[in-house]
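Two complexes come next, and they have one chain in common, chain A, joined by chain B in the first and chain C in the second.
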Partner chain A sequence: MNQENQANRNPWVSGALKLYVVLAYLFIFAPILASFVFSFNSDRFPTIPLGHFSTEWYRAVAADPLVWEGLRNTLLVGVVVGVISTALGFGAAYTDYRYSFMGKQLYMALALLPPTIPVVIMGLAMLAFLSRLNLSGDALAVIIAHVVICAPFAMAVIRLRLSQMDPSLEPAAWNLGASEWATMRHVIVPFCRPAILGALFVTMAVSFDEFAIAWFVSGLNETLPVKVLGFLQGQVSPRINAIGTFVFVISMTLLILAQLLLGRTAAKDKE
Partner chain B sequence: MRRHVSLYGLTVSLPLLIWQLLFFVFPLVFLIALSFWTVRNFRMQPDFDTVNWITMYGRGIFWQAYATTLALATMAAVLTSIFAFPCAYAIAFKLPERAQRWAIMLMVIPFFTSYLVRIYSWQVFLSDAGIINVMLGWIGLGPYGLLNTPGATLLGYVTLALPLVVLLQLFSLIFIDRTLVEAAHNMRCGRLRTVFEVIVPSARVGLVIAGLFAFILSFGDFVSPIYLGGGDPTTLSILITDTTKSGQQWPRAAVIALTMIVTLMIVAFLSIRFAYRGRK
Partner chain C sequence: MTQAPLVSFEGVVKRFGSYTAVQKIDLDISQGEFLALMGSSGCGKTTTLRMLAGLEAPTEGVIRLSGQPINDLPSWSRDTPMVWQSLALFPFLNVVENVEFALKMRGMGKADRRRRAEQWLDRMQIAEFAGRNISQLSGGQRQRVALARSLVVEPKILLLDEPLSALDAALKVRMQSVLKNLQRETGITFVYVTHSQSEAFSMADRVVIMSRGKVEQIGTPRDIYRAPRSRFVADFLGSSNIFSGELARDAQGRPTIVTDSGDFILPGVGAPGIEGQKSSLTVLDTRMQVHADAPQDVQNSVAARMVGEEFTGATATIYFETQSGQEVRVQKTHEELAGLDLQIGQLFHLSWSPSDGHLVNE
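Coming up: the complex of A and B.
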């Protein structure tokens, strides 16, 4: 990968560039690490030098019934969104893999574009539209909106897996007399299983952290990130760190699970 | 590739199409209709009246917010691209493959952390008694008012966009034909000249698209300008949330949203044309 011309190698420049990479990662992870550290810090107004170690913010958060309600909403929404977006994403990925038809570019645009629309605009559009259908202010509204932005992620993850499949595998099953449905069930889905689970976890993780659209449409059924936005407005500060650390651990667990699933099958395929 | 329409094919393909038409396309199209509705006695009613457009476009605050948002998002796109490039370059050309994989994996993590929590964390760094001012105090400087400044807003935008921009730049740099770079070196083209005359032009499409994404993300973000920038000067995204959440002025918020969409489409069109200029 990095066979740069030997004559042009300057250890100073390479060293400086590597140092720059370290600094860039420090910049990106500084707020995440700081939030983790301050979640265990006793001070009401977090700064340095640190106060003493304390779990009081976790206890304060755990004692707040509204936080538990938010967590319940978040989990409910996340799981339903994960299942629906993975199903829709799988269909879209398979469509792209197998079919070519007129207007396919438009189909793919609909399948991939939603995450690029700014969330304030999506939030307003969803709020206005769903309240006409008397659906806003409901967990269902958050689910509908989140599937729109999550399905593209599921589609991307599964499409990647399909492109690793031997293209003659499906026709072979048909030639042996399997129907399209049987082939789907016994060949395609098993082959994509790790990617399907991966997509499930990735979409759940995206939904867990989405606060803007949820804030617009959720009404009184706030999800946890919307609660955090409320804390940010009300300056009830260090609790944000405790919730943030907690949600970070959940998201990372989902992400690592997805990574393990996808990594293990990639290794198995190579054997 | 079989071309006939089958029940099987429709069952697989249609659900996503229907969902995105119903809940993605319709709501956006509905915004257009909504922008012509009127509000009487705090109730919206279907109408065809240009009053919202005239009211919003007649307000100084709207154009001030438009200029602020455009300037801040442009600066964020440029700054993020400049900060990201040496990092993406070093990962693409200077790191062994194993370290490269780790670097990519680490860069994905920020996407799955709460942006709100990261912004709150920057507040802790920037506030008057915050980490940075305490550290400056050790060497006898400050305290400086860092929070509630346009610079703080930009910091938030860079936080939001940097991981994506590094990854997009990285993917366009990795796929550069290495023989081009070697040829440049063999012809005794200097290091910096190789970067600017060989590497940047070959990766131009990816670099421009990365900058475009930084622009889109910053243009629509309302968290950083409120909680780091202090809401002053105001941005279009703040105007939308304020107009929506206070009172029933959704039609006016729709005017702002549509103006933003058109602006984003123009910017996207121009930058993609610039990216592919001179290419076939």
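Coming up: the complex of A and C.
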């Protein structure tokens, strides 16, 4: 790219392209940025000009025990969902890598299906199903529902990593005296470790953010995003901006960590 | 007393669905020999090796290791370490950890296995790289790590699947002598799969030539080179000129072969077969003489026009065409060719002694 002859480029086109990228990002991030700015604004309503810098909305949020409960639920659900869906996703990805069997395409299609189902339908179905099992309204219900939508993400991430593995690596371990279990422990898992950690972060982030399904099934054990809706319905308060900023920062951190892990291994493998 | 073979294949067949990769192989491999399995791709050589390593199960027949049938033994209980074409080094382990792997799987203590791994690194002259990552090594160094990783368990047999194919030509030759010396010093049986004639012939004590799942010939490199058993082997080696025709006797009653390029007297040794039978005469390209004028005192000669030449280092290969259109190749040193005026299109006479000829089956 750097060696490309500048004379071959139309300065107008390339300028317009840059402008387009900037505008597109602005369009995506402006609301989040606004929320971020107003969360530190002393005024009661989001108006320009801004009042003075203040952390009072954060203090107000921190003083609310219901918010703490929501955060605790969100974190608990997020961690458990991350671990379970990563384990399930790993199993599914390894099955796809190692075995060929009849109906494998169907198996893979079903495994990848959940995120393509509209969340409202998924949420309703989960509610109907889990209430039959007397689980609805429980944190466990949110965990089950979130595992269903998160496991395919974990599988996709780990499957990509397995596809980069030298197909001789596993038989080479057997050949050196490692049983199938020992090979799993000493070769497959270490090889996939960056992807497994990445999947863990991605699934946690998805669960952390997810609102619709959690709203259907959480009952009294509301997660933070559900709590935010509760605030919105009651009153327009800048506390929402404070919580929103907080959730956004956590999710982004998780995703950036995942991206760093996966990107670094890809670069290392290329050496 | 003859020693029992270390490995024996008894009527081993391998089918993948309707495709037969290996058809009925009978093969004994003795303790301490360097055996090369050679053939073009798809000939079944790699499948044969993988069956020995337990990565494929034979469809029929028995494979024995030290007399014991091993058909049902899983790979990890076999002690048949292999050096892979891709090397298959573990990228998440450093050099010494890679070498330790097999010992760790056998439950050897940390200090012991580290010491033994370091001995092998030392022996392979890569001790200084012990703490490096695999990605920081050159191709030749990785090769040595792969060898050390397989040999660290001090097995009776080492399997090698085209291990040198990724190296450049000069390094290949150097690694060949490393491998040969290693095999001689350790006395470990090497089974070496390759499609390269030069690798097989320069290292192996015995060569097995395979084609379409069958063994075509087993013998020392010298025997196979001098006396290919079939036309396929002669063609595959590519170092002989092949004249096809019918067996006959000439006026003096000597066995001859009648070909499109002329009648040639056959070597006296060996049963020439039945008259009228179709057969082929092979003559090594290095054993043919080139004359500017028709030679008087030779028994076999043919007139041929020069069509091309090719220089490969100390020798030159000259291509001729007989009147019947058959190509004949002659390989000579530059000194041997010094007196000749080699012009393309010029007519020459090529001769050989009947004892340099060799009869093969069609």
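We take it that the second predicted complex is superposed on the first by the 258 of 271 C-alpha atoms of A that agree within 3 Å, B and C clash if a C-alpha of one lies under 4 Å from a C-alpha of the other, contacts with A are read in each partner's own complex, and residues count from 1 in each chain.
The definition used in the following text is that contacts are C-beta pairs under 8 Å (C-beta built on N, C-alpha and C of every residue); 3 or more make two chains touch, one makes a residue touch a chain.
Here the structure is a predicted model, which is why all the values come from computation and not from measurement.
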Field: Fit or clash - chain C, chain B, common chain A
entry: fit
- request: Using the superposed model, measure off the angle between the directions from the CA centre of chain A to chain B and to chain C, in steps of 10°.
  value: 100
- prompt: For A:Y25, is the partner it touches chain B (first), chain C (second), both, or none of the two (neither)?
  reply: first
Message: Contacts for A:L169 in the overlay, against chain B (first) and chain C (second): which applies, first, second, both or neither?
response: second
Task: Could you tell me if A:G177 is touching chain B, chain C, both of them or neither one (first, second, both, neither)?
output: second
Field: If touched residues of chain A are counted for chain B and for chain C, the larger one
entry: B
Message: Under the stated touch criterion, which partner chain does A:A156 make contact with: chain B (first), chain C (second), both, or neither?
response: neither
Query: Looking at the overlay, does A:F45 come into contact with chain B only (first), chain C only (second), both, or neither?
result: first
Task: Mind working out whether A:V217 is in touch with chain B, chain C, both or neither, as first, second, both or neither?
output: neither
Smallest distance from any CA atom of chain C to any CA atom of chain B, in Å, after fitting: 9
Message: Output the chain A positions appearing in both contact lists, the one against chain B and the one against chain C.
response: none
Task: Enumerate the contact residues on chain A facing chain C in the complex.
output: 166, 168-169, 171-179, 182, 186-187, 190-191, 193, 268-269, 271
Field: Residues of chain B touching chain A in the complex
entry: 1, 3, 6, 8-9, 12-17, 19-21, 23-28, 30-31, 34, 83-84, 86-87, 89-91, 93-97, 100, 103, 105-110, 112-122, 124-125, 127, 129-131, 134-135, 159, 162-163, 166, 174, 178, 181-182, 185-186, 191, 194, 213, 216-217, 219-223, 227, 237, 240-241, 244, 250, 253-254, 257, 260-261, 264
Query: For chain A, which residues are in contact with chain B within the complex?
result: 1-5, 7-8, 10, 13-14, 17-18, 20-21, 24-25, 27-32, 34-35, 38, 45-49, 87-89, 91-92, 94-95, 98-101, 107, 110-111, 113-114, 116-122, 124-130, 132, 144-145, 147-148, 151, 155, 180-181, 184, 205-206, 209, 211-212, 216, 225, 228-229, 232, 237, 240-241, 243-244, 247-248, 251-252, 254-255, 259
Message: For the complex, give me every residue of chain C touching chain A.
response: 53-55, 74-82, 84-86, 88, 90-93, 101-102, 104-106, 135-136, 149-150, 153
